[in-house]
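Okay, so chain A shows up in both of these, paired with chain B first and chain C after.
Take a look at the complex of A and B:
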């Protein structure tokens, strides 16, 4: 009951209060959109980490592939943006197919292999000039259209789109986690061999989680391409598209569903609004210190920390 | 029921099992004993399909199961209770049990099997909602056994259940093994506790350095001779 109520309040603030009060402030809205983009990747990354037990440094590849696929489809084939975004997700999913061989690897080996794979896609985007425009990039990627009499290409419209996409993904994550497969995936953390011998096809389940995570990241990448209307390989495949989400997810609590989202919004907004004004250059340093502090004092992240304090207050009151 | 025919298996370049053959007859308890590093666990892992064979064949009811994925073994009526328990510590006891009936064909009967497991292991029923990580070593082993029984296997493969347990608990454990045998289940048991293991067994195999050093019906086994071989290296 309690958590349900607070989720409704959050939704009301996110869909109502924020666009109404801050909608005219372009700077804050663009920060929020950027935070939600990072939050979306963080959510997809945490899904793979939490359910699949895999630490990925390769999500920038899914992000970039999703962005390029959607941008090219709208630019060259005239595909409607909504379909192109979904196909961007499918493109990222197909990109993850070539990563299947590394699923056999564990821990740091998986992380390194997927990092190498991610680089391959950046090279393709740079060198395949005829299609991708090479390092010059793609410009005038179509903006979001006007629908239901509302212009979605503006800051508020884009904010509403990414917010909805991210929340739908969070819901999917929740459904997967609560399913039989989610329980089997949870069991896999403790011992993959034990889950195998009781009849869980762990390789298939891990592959499915990789697909879901790649698809989500691809859609987010596609959103971002239509939002900024410009792509180049160094931007689309930038390592920051995976490192920032990792920081956000760990900060917020990567074992929870809302943790990565809340982590992304908190970390990104604090970084841009507070630290950046205090130290114009190198403000990420404080971010690093903050992350270290979080890992030391609440290794499971911000959301579990908040939940625990709410519970304590209840017990006290 | 199960025939292991001249198999070799190992980890990468290191071969562990050298031409191992043995068979487990239906309804009997086949016990494999041997010192650390003899390849007992490797043999069980090979049977379950967790390790690929590089030579030989494994047959269940006369049909080859070479190359069968571990997750398909429960569909063939084979369950493994792994070494070191490998229970799911972050899940409750009941969730652990239900995981044992994960494959679709077992899910319908999961509730009923759960009740049977509680009847066999009352200590689990009292704490059904407790996280499995809170259990003692003996209770964890009982949970691992109960989880393995959830798919109602014909053939039960048990790896070193008495490892690290107090003598009282070991007695209790062998009591359970005796009951399982009396139920008519076929069991392959790997044990270090030779005296107890030979006591419940029908057939005894001694493994050393990746080979079967001795195979005898339990009734004919002389513990003294066995210990001589055991410590011969």
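Take a look at the complex of A and C:
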């Protein structure tokens, strides 16, 4: 009951209080949009880790493919942006099909193999000049349209789009986790062999989680392409699209659903608004120290730490 | 008497009011600097930022009326942070923005500036799509065409007829390589093209292919510092029979001469200045003096570009303030009217904000120094040709 109430309060703040109070502050709104982009990838990355049991270093491949598919569809075929974004997700899902052979690998071997795929996609984007524009990239990618008299290409509009996308993904994550598949996937974490003995098709389930994670990351990549309006291979397939989300997910608590999102928003905003004001050049040092402290004192992340703190207060009260 | 006194005072005040309306008061203007000071573009961003600081110092001492104060924000070499930086600068009420490095950062940052109606001037992005947008607020003082003219101009002057181009697949280098190839092919040159991934460090297979298959008279290199070092090391090992090694940006610099004395002799690259720096104009001498005073070192090309773009912007701001059009789009209008000799040559902007006169110069590493060898009107040394580092 209390959890439901806090979710409603969070939604009210996210959809009501923030646009109303900070909507005119373009700077803070652009930081929030960037943080939610990181948060969206962090969520998809954590889903693959928690449900699929796979640690990926190659999510930049899905991000880049989704971005390119959506940008090209809107630029060359005139596809409406909403459909193009969904097809960007589908493009990333299709890209993940070629990664199926590496599902046989585990741990660092899987992580490194998927990283190699990201590099392959980057080379394709660079060399396939006729379609992708090669290293020169794509510019003037269409912005979000005006609908119902509201300009979605503005800061508040972009914020509402990315917020809705990541919350829908969080809901999907929750539904998958609560389903029979989710139970089977969690059982696989303890013993994959044991779950296979009782008839669970572990390879199929892992593949499905890879598809879901790839789709989510692709849609986020597509959003970013229409938000930034410029795309080139180095940027679209940059390693930062996986390292920053991993940091955010671990900071927030990658075992929880909202942890990666809260981690991304917290890390990004604290770093840009507080640490950057204190040390304009080299503020990442403080962020690094904070991350080390978090891992040492609360390895499960910020959200579990906050929950434990709330429980302690209730017990004391 | 009392009435006459009152009338006189009244008329004097009225005259003062009229005069006051005609002449704008001296003011300090805030200018935003959005620039990468950390991340992958930190070195080039810092170089440009030094030039911007020199421009502030010189403008404030020489304008005599207005002064400029800059607010610098590090965009961390990231597009999303470049947008945030522009928006933060706008909220701090800057009148224009100078800076930016890398087309992928400049494109979204200048887009954000355009939406906010802020003029944005740069020398850090040569991608043609930046000017193709046709923004009235966007200006840049250099472009790929200027580098292409310099490279092709030198090749013409050296009277060679075949070349192999080794180029990084990065946006700026790939575009330049293809443009140079196109022009040379049109002129009847035999041109071999060899692209490489920016991640590679061993250039021996490419150089070997050039040596055995292309057999060109010169090797052209379109890359960055690490690429040049790799290419020249491979060439020094394999010793292809070429007459010259010619590169572009970040090659004919004092730093490269000092760091790689065995690889640089007789190598060509774009250079605005000879080394040791020689300035013939009063403007140039003042720039070098101020740069030396502020940073205790010789000015480089990054500083020179940052200085020129910022000084042009500050002058436009001052003119717009004097015309009382500062907040009515006057800065962009004044920038568009620019027609001035600068340290990078004559600057005039077309309707898309591109400098139509930009032509780079070519320098050659000569015994630890850098001589400007092309064009002849800017040259202070003769090209040593044929000559290679091995």
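Here are a few things to note about the model shown:
Convention: the second predicted complex is superposed on the first by the 317 of 317 C-alpha atoms of A that agree within 3 Å, B and C clash if a C-alpha of one lies under 4 Å from a C-alpha of the other, contacts with A are read in each partner's own complex, and residues count from 1 in each chain.
FYI, contacts are C-beta pairs under 8 Å (C-beta built on N, C-alpha and C of every residue); 3 or more make two chains touch, one makes a residue touch a chain.
Remember, it's a predicted structure, so these values are computed and weren't measured experimentally.
Once the two complexes are overlaid on the shared chain, A:189 sits against chain B while remaining clear of chain C. Partner contacting the larger number of chain A residues, of chain B and chain C: C.
In the superposition on chain A, A:146 makes contact with neither chain B nor chain C. By the document's definition of touching, of the two partners only chain C reaches A:136; chain B does not. Residue contacts after overlaying the shared chain place A:230 against chain C, while chain B stays out of touching range. After overlaying the two complexes on the shared chain, residue contacts for A:164 are found with neither chain B nor chain C.
In the superposition on the C-alpha atoms of chain A, no part of chain A is touched by chain B in one complex and by chain C in the other. Residues 25-27, 29-31, 33-34, 37, 123, 126-127, 134-137, 139-140, 228-230, 232, 234-235, 240, 272, 276, 280-282, 284 of chain A touch chain C in their complex. Within the complex, the chain C residues that touch chain A are 37-38, 72-74, 78-81, 83-84, 87-88, 90-91, 103-104, 107-108, 111-112, 116, 127-130, 132-133, 169-171, 173-175, 197-198. Taken in their complex, chain B has these residues touching chain A: 48, 50, 69-75, 79-80, 82, 86-91, 95-96, 98-100, 102-103, 106-107, 147-148, 150-151. Of all residues in chain A, only 180, 183-184, 186-187, 189-191, 193-202 touch chain B in the complex they form.
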